[in-house]
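Pasting a structure below so you can have a look.
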Amino acid sequence: MTHQIAILGASGYTGAELVRLIATHPSLQNAALSADRKAGLEMAEVFPHLRHLDLPTLVKIDEIDFAGIDLCFCALPHKTSQEVISKLPRDLRIIDLSADFRLRDPAAYKTWYGNDHSAVELQKEAVYGLTEFYRDDIRTARLVAGTGCNAATGQYALRPLIEAGVIDLDQIIIDLKAGVSGAGRSLKENLLHAELSEGSNAYAIGGTHRHLGEFDQEFSKIAGRDVHVQFTPHLVPMNRGILATVYVRGDASEIHATLAEAYSGEPFVVVLPMGQAPSTHETRGSNFVHIGVAQDRIAGRAIIFASLDNLTKGSSGQALQNANLMLNLEESEGLMLAPLFP
Amino acid sequence: MTHQIAILGASGYTGAELVRLIATHPSLQNAALSADRKAGLEMAEVFPHLRHLDLPTLVKIDEIDFAGIDLCFCALPHKTSQEVISKLPRDLRIIDLSADFRLRDPAAYKTWYGNDHSAVELQKEAVYGLTEFYRDDIRTARLVAGTGCNAATGQYALRPLIEAGVIDLDQIIIDLKAGVSGAGRSLKENLLHAELSEGSNAYAIGGTHRHLGEFDQEFSKIAGRDVHVQFTPHLVPMNRGILATVYVRGDASEIHATLAEAYSGEPFVVVLPMGQAPSTHETRGSNFVHIGVAQDRIAGRAIIFASLDNLTKGSSGQALQNANLMLNLEESEGLMLAPLFP
Amino acid sequence: MTHQIAILGASGYTGAELVRLIATHPSLQNAALSADRKAGLEMAEVFPHLRHLDLPTLVKIDEIDFAGIDLCFCALPHKTSQEVISKLPRDLRIIDLSADFRLRDPAAYKTWYGNDHSAVELQKEAVYGLTEFYRDDIRTARLVAGTGCNAATGQYALRPLIEAGVIDLDQIIIDLKAGVSGAGRSLKENLLHAELSEGSNAYAIGGTHRHLGEFDQEFSKIAGRDVHVQFTPHLVPMNRGILATVYVRGDASEIHATLAEAYSGEPFVVVLPMGQAPSTHETRGSNFVHIGVAQDRIAGRAIIFASLDNLTKGSSGQALQNANLMLNLEESEGLMLAPLFP
Amino acid sequence: MTHQIAILGASGYTGAELVRLIATHPSLQNAALSADRKAGLEMAEVFPHLRHLDLPTLVKIDEIDFAGIDLCFCALPHKTSQEVISKLPRDLRIIDLSADFRLRDPAAYKTWYGNDHSAVELQKEAVYGLTEFYRDDIRTARLVAGTGCNAATGQYALRPLIEAGVIDLDQIIIDLKAGVSGAGRSLKENLLHAELSEGSNAYAIGGTHRHLGEFDQEFSKIAGRDVHVQFTPHLVPMNRGILATVYVRGDASEIHATLAEAYSGEPFVVVLPMGQAPSTHETRGSNFVHIGVAQDRIAGRAIIFASLDNLTKGSSGQALQNANLMLNLEESEGLMLAPLFP
């Protein structure tokens, strides 16, 4: 049986990544694609790499007949997303890739995003979309909130450790290296090739990146107490990929064993042998997460590395994994594509 | 039914690309992998991006039991390839990705490769592996010679035009821009990131590139007379991708119509609307070829652009397309993966 | 004696490159910098790599007192440039880096740029700024028009050959590979890192690139008859650098000898030994041009390669070389910086 | 007066960078260049970007007449360097760019480099070459040991803070992002463009990088007690540049003030306004260090960023700055070249 899929906001990178993945998914079909300012264009005009596919023409959202849609991905900018989703049919299964439904607490949302949430009821209803940790809730959810791509990467490294109580909760530092597609297809000077290529810099320094809202919410929830991590993201001249380097206090062997155990049955999370470091090259274009652990030369300190592709496991691949659950399909269906290297 | 596949020379880029593609191919299985100097290692140690796959350990060629193998890909260096293939079972179906069996004429082989061919009988038997033009021969071949990646790109732009007689055969210039993975995983100074990144240069200048042997053989065969093109390859700082810019004399509309007609039924060859130029970004990681045609401002002159991924359509994807034919499978099976962008 | 320099349009890449070069020029001083929309900012806020310099604050053009200015560089967009220069003091020496004064013929200007020229008298007065070929005129000029960066590259390869009559004037093809900074600091989707990195494509295909106006004007003038070349530029993922591959009919040895002779006394133009190809890596950040010549395997055909840095020799370095002449300084003063490699 | 300079090991990146900088240095001359395996070649054959210079032919070390040499740079691999320097004239002023004379303690040297030091007397005599902190010693030194490039970057961020006692000495983490030229012109698989471009990974994890020997020596010396930092370097796809992100405990304002005060008279060290982060783009090709400080959202924690070009300020530029001191020249002579951007 083929499920009909709508993608709202198909003209951005996460929208195009959804189309790419759905194109070879055995049970899903790209049935409707919206793009407000590009309505009327063919997807091949907006993303010529999808030229070989027979895709619906881009339309405005209100041109979509949701009656025939089994599941809707919403890849719109945050704030727009909550407005649009509020008006969608109440029985439509939705996976939102924006930041709008990630935080449960309206006050936390306002703190990090600056505006009041306009759909508080939906905000309460939404399930946080980090599949491996919310699998059961996602299966029966109507509205799933895709996680931040940086937030996902840090959580893969840390959640089992906080859960197991094997690290000091007050001494966690996440130093993150991110590829540029995480910023979307937006016309900003610092995203130009001439400005970004051949160099690197930190951004959102001093603990101001919005994904900290997710870290705070999730880590505190697991720990049953407030947990506040340090988090410094860096822009690196690569199109896809996130590498999180996480500095913790704890026993490296115990940390490695905890992670290996936690992810032992997971199809997409690979824990490397002790002392090996992952590379973003090795997860590019795929739904895999690679995790490595090293003992520092200073006793009692360990470093955890987590690598994933921000557009796949960090957003659109994750969304599809959740869609599989919501549609009662095999969780890994259509997602076992190997990374592209070199 | 699953066919058992062996890959000789699995530790190079084309070998790894075969493994990647076979991993999600519904009817093929990676059954044996050889790598002479790396025998005993796991593939994940040589190519960590394949870490999630359950693959056979790398072995030496003579450790493989070919009795259980349905088809063998040979991704060895040229010259080694002819020696190895000479010793393989006579009834084994083989697709060779080296340069060893591309040229039919032993003298031409010696001209371009410098040594006498040591398996002249096999050389005569081999079928040239440019699928769209040798489909019927490939279907029943025992030994198929994968084409040069540059040679494939130029031929996609030119073969139908030479066949149709719509261009001047004495005025063809192929200016080609190639990504670095075409040079393989070889330790050469000019392939270092520090030497290649952020710059571009021509190489094998003056008509000395070996793929000219293939152009000469194929174009002359089609034309029924000697055809010698000019061909200048350039190294461009990208990992995958070839863009051929082909300067010809002829009517651009007729050229566009001829190409559109020739490729109208082809699953992997897309002819763009008149006046549009393809980009290597739009074929990366896929088995597609994109072709564009432009009328120059000077009457009677046209430019043809062809873009493909050297590791996929230019070698391993092409090989798999041929394998599908040889194994009586759907030609496009396992090969419809969309390009990876960005 | 130190000459006071003004730069109009200092917030673009060519403006910043002028500031960089003037900073270590022994006889010039950055005395005034304008940037309309960024007036009031410090240059270090717009270009932090110039942070170590003691520079004047960015102002609007009409805030500059031109009485104290010895020479003015105009790095504004074309069309704006002609309007601004019309209003500058009549005795001010000006080097314009825009396209506004490159073409002598108002009709040709309109053909290539689409609008009527609003300063036709200045257009007639301006001297074409390709230093090596207009040296004497530049020395006494009041208004010099910096050349197009692509136009400069092609002319270095071809001018002496057309002059000497050693190539067929009706068979010239320029295939050009250009870095992205040639497009300026402009917010366009195709200039984003995510869109440009790791791929290549042609643009302005079919003989529509505006620099053809310069080729036509200059080559026809030298030849004493109409000369129309084919010209196809390609975007390559590098920030700086242009490589022109020029296909001609003629004797390669004669071509090499002609170029070597023509440039024998030039401080910035290096002709490589016969059969060697230049690389953009080897001219980056410098005012040098490297030229190579190869004999094709087809008799009577040769390929000429020319490489330079579009922001230096292709615009701001060229402008400074001209300024040295106009100010009666040593032509190479401040310009002998070695290329930056790797 | 012009000083005659010899460079031993001129065929590596640091050697070429020395030649580049000396080429426009008013008081120094490239008088002798050695390269053991490339003796007999011209420098232009090994580094074509230096083609415009009139340089001595590459020779073997024992072909150099050191009588006419005022100062010798030794850019040889470590271990080779100590052997060669032992045999040079005792009165020759030498700046060594290898790791051989960075560590004062023979035991520490053995710990980090694995072999006994074969020139212990020289090891004791050598002055550590971090100019801003050893200026007086360098001025009168005969043998100066250039620092590790990563070691330099971390020390610029931390030395004044350790000296002033404003940070917790037991809680220092240096997360470093390094460009590839730091690994030299060496043929290693992980340095190939195809392996490095478009991705990032940590290396020498767990506190095993040799530059830790320098951190331990220098920080402990300043503090008057053992100081051991955590240090994790990452490879980033850029040719030049190092960005250190340093996590400390202390008051950010005090930290910023301490750094601003410490570097207030320094020509090459720029402390950015509080809360700004530097980028490696902004120091490329120059001898500048940019330092930024941010207050983390967690009270009592601060992040310091330091950026420099590993080949310039991190090695050859530093060496030249030291040479200026040793030759009684202006310290910044020949080194005020602005960074190259874009």
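Chains here go by letter, A, B, C and D, matching the order in which they are written, and residues are numbered from 1 within each.
Following the convention adopted for this analysis, contacts are C-beta pairs under 8 Å (C-beta built on N, C-alpha and C of every residue); 3 or more make two chains touch, one makes a residue touch a chain.
If you're wondering where the values come from, they're calculated on a predicted model, not measured in any experiment.
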Smallest count of steps, each to a touching chain, taking chain A to chain C: 1
Comparison of A-B and B-D by number of C-beta pairs in contact, larger one: A-B
Chain whose average C-alpha position is farthest from chain A's own: C
Centre distance in Å when chain B and chain C are each reduced to the mean of their C-alpha atoms: 39
Inter-chain centre distance, chain A versus chain B - centres from mean C-alpha coordinates, in Å: 36
Centroid spacing, where centroids are CA-atom means, of chain B and chain D in whole angstrom: 45
For chain C, residues that touch 2 or more chains besides their own: 13, 181, 194-195, 197-198, 237-240, 278-279, 281-282, 284, 342
Footprint of chain C on chain D - complex, ascending: 13, 16, 19-20, 23-24, 47-53, 181, 197-198, 239-240, 268, 270, 272, 278-279, 281-286, 288, 290, 336-342
Chain A residues within the chain D interface of the complex: 173, 175, 177, 194-195, 197-203, 205-208, 212, 228, 230, 232, 234, 236-241, 243, 245, 247, 275, 277-282, 284, 292, 294-298, 301, 303, 305, 307, 342
Chain D to chain B touching residues, read off their complex: 13, 180-181, 185, 187-189, 191-198, 237-239
